[in-house]
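Okay, got some structures for you below.
Next come two complexes, and both contain chain A; in the first it sits with chain B, in the second with chain C.
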Partner chain A sequence: MPDVTITVDGRSFSVPAGTNVVDAARMGGIAIPVFCYHPRMPAVGMCRMCLVQVGMPKLDPATRQPLMDAQGQPVIALMPKLQTGCTTPVSEGMVINTKTEEVQFAQKGVLEFLLTSHPLDCPVCDKGGECPLQNLTMEWGPGQSRFDYNDKVHFEKPVPLGDLILLDRERCILCSRCVRFQDELADDSVLGFDHRGRNWMIVSKSDPPFASKFSGNTTDICPVGALTTADFRFKARVWELSSKPGICTLCPVGCNLNFDMRHDRLMRVMPRENGAVNDIWLCDKGRFGHRFIEHESRLHAPLIRHGDHFVEASWEEALTLVAEKLAAVQSARGGSAIAGLAAPRLSNEDLYLFQRLFREQLGSNNLDHHLGSPDDGDHDDLGGLLAVGKGTNLMELGAGTTVLVFGADPEEEAPLYLLRLRALVQRGAQLFVANQRATKLERSATQALRYSVGGELALARALVRELLERGAAERIKLKHSGLDALRKQVLAQTPEQLAAAAGIAHEQIVALATALLEAEHGLIMYGAEARSAGLALIETLGALAVLSGNVGKPNSGMIALLPGGNSRGALDLGVRPDARPGYVLMPQRGLPAQQLWSAARDGHVRALWIAGLDPAACLPDAREALTAAEFVVVQELFMSETARMADVVLPAASVAERDGTYTNAERRVQRSRAARAPHGQSRPDWQIFQDVAQMLADMMVLPHPRVEAEGAKPAKAAKGAKTAKGQNEQVVTRPPEPPRWDYLTPDEVAAEIAERVPSYGGVTYEALAATGNPGVWGRQANEAVFYDGTSYENTEGIGIALPSLISTGRFTLSLSPRPAPVVKDERPLLLLAQPLAYGGDPLLRGSLLERQLAQPAIVISQSDAEKLNIQNGDRVRIVSAVGELSAAARVHADLPPGLVMVPAGLPGLCLSRIQTGPRTRVSLVKVVV
Partner chain B sequence: MFGELVKGLRTTLKYMFRQPVTVQYPEVKRPVRERFRGRHELKRFADGSERCIGCSLCAAACPADAILVIPAENEPDNPRSPGERYAATYEINMLRCIFCGYCEDACPTNAIVLEHQYELSFYDRRASIFTKEMLLVPEDQGHGEPPPVLKQIERRPSPPAQIDL
Partner chain C sequence: MLLQTHQAEIETIIGRYPSKRSAVLPLLYLAQDTYGYLSPEAIREVAEILELPPTQVFEVVGFYTLFYDRPVGTWVIQVCDDVPCCYVGAEELIAALKATLGISEEQTTADGMFTLQRVKCLASCDRAPVVQANLDYIYDVHAERAEELLNNLRARAAEAKQRGVSGRFAEDYLLGPQGIVHIPRDAPYQQERGERK
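Coming up: the complex of A and B.
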């Protein structure tokens, strides 16, 4: 946009045209006070706080040229009344006065008027100390009120707007920031105004009340203490808190947050601004779901099994026992009899040392970060290979961007992406949502493509076919192979056949293909439902990204929504049976988690180390395997089902008790810092791995069982079929001496990762602390006007975005398609494990969200329900080839026939008992009582 | 010379028959001034409720960081103080306190007052931390009415925050 020159309080400077007066003045370093205006939301001009005097150059009616006075200056015609700055866009030559007597009189008047219905109970108000109303009154307001206290409007003190948010109506200044946030940003229109006059108030319009996953943000942007969280109510004054920068590990977004601590206790969690990740927002799961770190049931000391009970032991004893037992198993049966699982929420340092311990010290490749349940699916390599390029910032994207969300439910899998994608659409991007069922994001889509049940692969192929027909193949600049096979496969069917199989009109497919092809930036996001369709679909989506030219550059590529906060880190750093850190394939594969349980049951795997995962909770196979295994070490926060079956239980420090880095879905590495002392005697995971490795190194002289050197020559594709076959030429050289196990701090581990893992080059703690160029990043001096109490400025580092692997040139992309997975089962319905934000995550314990956990239910479509005469609440049973499961039925009008949806991960409803693979076919029976 | 000696002894004799200036502390205690700043007390309202609303402004004002307040929410049926908030923990470290009286100035409800008790000595450092139980005056020694902002005056019981759907 062209710049226009304006004059604010006598200072002239230029700002982009279309900017409103408040923002424009801010660019010139002049603060105009606001209450209702928020830079992330369209202006409404409700509070009248931003009244300013606006003047325009007077035009000669005849020539349309500015009139000049005797001194040659343009004549300024002041508008007869004050204007609200937030709703007035700037124009060329505009003159704005913010400090005249008239403006000051108006500001004082507005503040005095707002305070007539404000109780001024600041000493007991949770907002006190970070309250815009307090600050603005101090700076712009009158010193005293002419209003008698007893004439003020008084309401009963707080009314709950929901489980999490309380409303104090007498403090509310009715700026509607919360209503607009819910309507416009979160797309949950659950708040509204009711009554009139002095009774005008905020109400919740939904049932259950305030049903939104983003409700906590309304308390941040509330400019007064009207909205407070039940989580932080009267816990402390804000100036007493010390904020410790952390990263949320509850989902793959990797939101930046602050743990606000007092006396080593967690008081509240607040978002930390990071434009490239979470902007200034935080979902309720991240905000309220961190109470687990100080839950009373945390493990506080190492436990050793004596018969059928545990005895507390010292770390020395426990670690010695672990090392001795592992060494015994290793020497008796070799490294392949030992297996390790690490949770995808552990930090990069933990995961890296875990795989080093197993590969280098124990000689085992049996590593994974999955549970080993039937629906685990394959390791997602494409999300790294074709990841969004370095320099991606969703905040900068708008018109010219096409986003395809395929088989994902971002609101549940990675809630913050809902806000980010909606903001993209509002800035002019095109959003296509392809799914087999209705998701909330669909409402914001430019176009929603509802493919038929099981029709996702046909849709992806139809899109690829469309692109190939338009000659997209000639434009691929990357090293690739298998294009002809792909062409052959997709051209085998006509567009009409594919469209029919997908259940989507051909024109829609063409429109989407055109949008992807013409987009300046293209993003493809896929989630759990797409992954459950198998690698064939994911690779076709990858081909789609490549063919449309949307890979290997900033702001374009694929974003995989994987479970856990650091699945991408686990994949990058080799906590997988088939590849070392940096996707360097191994000639010898270990056992993936899925094969682990049967191997352990049959006695091939004798010792297991499980860090942070709880397979025994829901997997009967895992329970058997854990019983059969000779020695089980569990490293956990809580006494999980798996921990109960362990021989040694080691207490681990939680995310808030240790330093570490985490890699998010966009492959941005971010650093989280210790906020409190470890609970009891618990230790950071990396330290436990190091201590055991040190003992093992002292105990036995193990020839490092490494045949191939990493980094000597980069491996070829890390993609699908190749991974499975592992037929890559590897240069066999003498491995360099491995580093010793003497890390003092996690940053030494990070430095080693930066040195040894090619794609993590340069990701040191020092580099992670950078916050970008001053002036570009960070806030203006007077932005407190907007952000007071809403979030924290990020001064601790915005992380480093890794380049997508394909752009490093070390990998070749294989486009050769794989056949669609064949499901032989004849059962009529497809089972869909629905990932839920408030599912059975054990980390939600102790939080207010426990009350909102999903209830066990079998969700069926209206037509299936009618066919089987099932009513809401009837008990139904779903039967698969391997088992059955019963729960109350919930009839969902928006679900397509042929689909059965069951919340995933609920402790009371173990889906893995009936799953036969990533996709399970089931039949439905009504249970007659 | 003799004259000076007599003059000096006369002064001595004069003071021999006067009331002594010293007091026999601790048997006899010197009265203090009205505005003397001694040991703190946490006051109550006349109805027996605690004046302290747990706002921590005293702790914020304290230049010696001697005060610790951990607030909590009042149970609506059994409030300890008027309003929504009270101090669950209130502690003053008397070894840190410099008796400047800033806490008194900061207190919005005149809950904390530096009174006239000045005998503050301890055998160990832990004993120097005065808890809320030690600082609170007995329930029957309250005074004054809660300020209107903390009272439920003319509160509109207004309709529930959720409208019918």
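Coming up: the complex of A and C.
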């Protein structure tokens, strides 16, 4: 937009046309007070706090030219009344006065009115100390009120709007920021106004009330103390808190947050602004789901099994035992008899050292970050190879961007993406949502493509075919192979055949292909449902990204929604049986988690180290394996089912008790800092790995020859090796001279990763601390005065986006297609493990979200229910080739026939018992009581 | 369930508008007449028919005084107590109605016949004091004739029941010297006023 010149309080400067007066003045460093206006939402002009005097140059009616006075200055015609700055767009030559007597009189008047019935209970109000109403009253308000204190209206309070948020009607100034946030940003229209006049009040009538995964944000943007969280209410005064910058590890978004601590206690979690990640928001899981840090059931000391019970031990004792046992197994049976699993929520430093410990000290490649359950699926390489390019910032994207969300439910898998994608659409981006069932994101889509159950591969192929037909192959600028095979495969079917198999109209496919082709920036996001269709689908989506030219550049590429907060870090850093850090494939692969349990049961694997995962909770195979194993070490926060079966249990420090870096779904590495001392004697995971490695190094002859030989002959290794996706591997030529185990701090580990893992080059703690341009929020002229509560400035670094692997030129992309997975099972229904934000995550313990955990249920479609005469609540049983499961039925009008959905990860409903793989066919029967 | 009992009518109403949500007021009136008042379940039913978030429909009900979110009598008597009506005896009228009915504002008589409410301006100051009974306007009602008014309404209870409390079929009346007089919709505006003492 062209700039216009305006004069605010006598100072002239230029701002983009169309800016409203409040924002324009702010650009010139002049603060206009607001309550209802919020820069993230359209203005409504409800509170009248931003009244200013506005004048326009007077025009000569005949010539339409500005009239000039004797001095040659344009004559200004002031508008007869004060205007609300937030709803008035600037125009050329506009004169704005914010400090005249008239304006000050109005500001004082508005504040006096807002305070007529305000209870003035700041001393017991959670908002006190970061309250815009306090701040604005000090700055712009009257010193005294003419209203009698005894005349104040009183209401019953607090009114719970839901489990998490409470309303104080006396404090509410009815600015509707919360209502608008829910309607416009979160797309959960669950708040509204009831009654009118003096009785106007915020209500929530959804079922359950205030059903939104973003409710906590309303307390941040509430300019008074009307909305408070049940989590923080009456806990602390805000000025006692010290904010420790952390990263949320509960999902792959990697939101920046602050652990607000009073001394060593976590009082609340607040968002920390990062324009490229979470803007100024945080989902409820991140905000309320960190109570596990202080949960009373945290492990506080190392435990050693004596018969059928555990005895507390010193670290020295426990670690010595671990080292001795592992050394014994290693020398007796070799490294292949040892296996390790590490959770995809551990930090990069932990994961890197874990694989070093196993590969270098134990000579084992039996490493994984999966659970070893039947639906684990393949390791996701494409989300790294074709990741969004360095310099990606979703905040800057709008018109010209096409986003395809394929087989994902971002609201559940990575909630904050819902807000980011909606914001993209509002700025003009095109959003295509392809799924086999309704998701919340679909409501925001430019176009929704509901493919038939099992029709995803046909849809992806139809899109690829359309692109190839249009000569897209010529656009590929990357090293690639297999294009002809791909062409041959997709051309084998006509567009009509593919469209029919996908259950999508051919025109829709053409429209999406066109949007991807024509996009300046193209993003393809895929989630659990897409991944469960196997690599054939994911690679076809990869081909789609490549053929449409949307890879290897900023703001374009693929975003994989993987479980946990750091699955990408685990993949990048080689916690997998087939590749070293940096996706360097190994000629000799270890056992993936899925094969681990049978190997342990059969005695091939004798010792297991499990860090942060709980396979025993739901996998009968794992229980059997853990019983059979000679030695089991479990490193955990809690006494999990797996820990109960361990020989040694090591207490680990939580994310808030140690420094570390995490890599999010877009491959942005971000640093989280220690907010408190480790619970009890718990230690950071990386330190535990290092201590054992040190002992092992002292204790036994290192199994280096093999490892070194492998590194010394990179060319040979490269020739023979193929990645899981068939791309030729290129081994780093740097000879791995194993570093010593003498890291003092995690930043030394990070420095080593930066040095040794190619794509992590430059990612040091020093570099991570750079704040760059944290977004457009920040603290600007007096901003804290009226955006207090949300103005948590990011002074601790906004992270570093890694380049996508393909852009490093070290990898060749294979386009050769895989055949579709063959389904032999004749059972009529497809089982879908529904990933849920409030599923069975053990980290939600102790939080208010525990009350909202999903209930066990078997969700079926209306038509399947009618066919089988099943009502809501009937007990039903699903039967697969390997087992059966029963629960109450829930009939879902939006679910397509042929699909059965069961919440994933619920402790009371172990899906793994009936799963035959990432996709399981089942039949459904009604249980007659 | 509304959708079962009034399907054709609902479809006609919805068909009048380009988008479903526009039908919220007529459907709420329909629900109110069917159930006698708008229970939370009735409001949710309307929300479901119109595919609206329930909160938004509750907002509408909360905003308008003519939607009753609790049970009301056969006749809902609303008396304007705004300034012009007050000058010509609205307070006295309210006091007389309360005394006659034995209830206070926002209450319903034990026989379920009358609910009494105070409301703000009914936009007929020229014929104050004004009473609204199920949206039938009755002009020039003075305290001494409160009983006469109530008797008339009681006599027409069956009519009220048949028409419903929503006033979808409301008419205008004048409390003239000869009692209550119906004013047809197409009648020319009359300056004639009730007799004053």
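Heads up, the rule we're going with is that the second predicted complex is superposed on the first by the 888 of 929 C-alpha atoms of A that agree within 3 Å, B and C clash if a C-alpha of one lies under 4 Å from a C-alpha of the other, contacts with A are read in each partner's own complex, and residues count from 1 in each chain.
Keep in mind that, in the parts below, contacts are C-beta pairs under 8 Å (C-beta built on N, C-alpha and C of every residue); 3 or more make two chains touch, one makes a residue touch a chain.
Values in this document were obtained by computation on a predicted structure and should not be read as measured data.
When the two complexes are overlaid on their common chain A, residue A:Cys175 makes contact with neither chain B nor chain C. Of the two partner chains placed by the overlay, only chain B lies in contact with A:Val124; chain C stays clear of it. When both complexes are overlaid on chain A, the residue A:Leu459 reaches neither chain B nor chain C. When chain B and chain C are set side by side, the one touching more residues of chain A is B. Touch criterion met: A:Leu161 reaches chain B, while chain C stays clear of it. Once chain A of one complex is fitted onto chain A of the other, the partner contacts of A:Glu240 are limited to chain B, with no touch recorded for chain C. Contact with neither chain B nor chain C is seen for A:Leu382 once the two complexes are overlaid on the shared chain. When the two structures are aligned on the shared chain, A:Arg196 is found in touch with chain C, with no touch to chain B. Residues 192, 194-195, 203-207 of chain A contact both chain B in one complex and chain C in the other.
Across the complex, chain B meets chain A through its residues 53-57, 59-60, 70-73, 83-85, 108-109, 148-150, 152-163, 165.
Those residues of chain A that touch chain C in the complex are listed here as 189-196, 203-207.
The part of chain C that touches chain A in the complex is made up of residues 40, 43-44, 53-59, 62-63.
Residues 119-121, 123-124, 128, 149-150, 153-161, 167, 169, 192, 194-195, 199, 201-207, 209, 233-237, 239-240 of chain A touch chain B in their complex.
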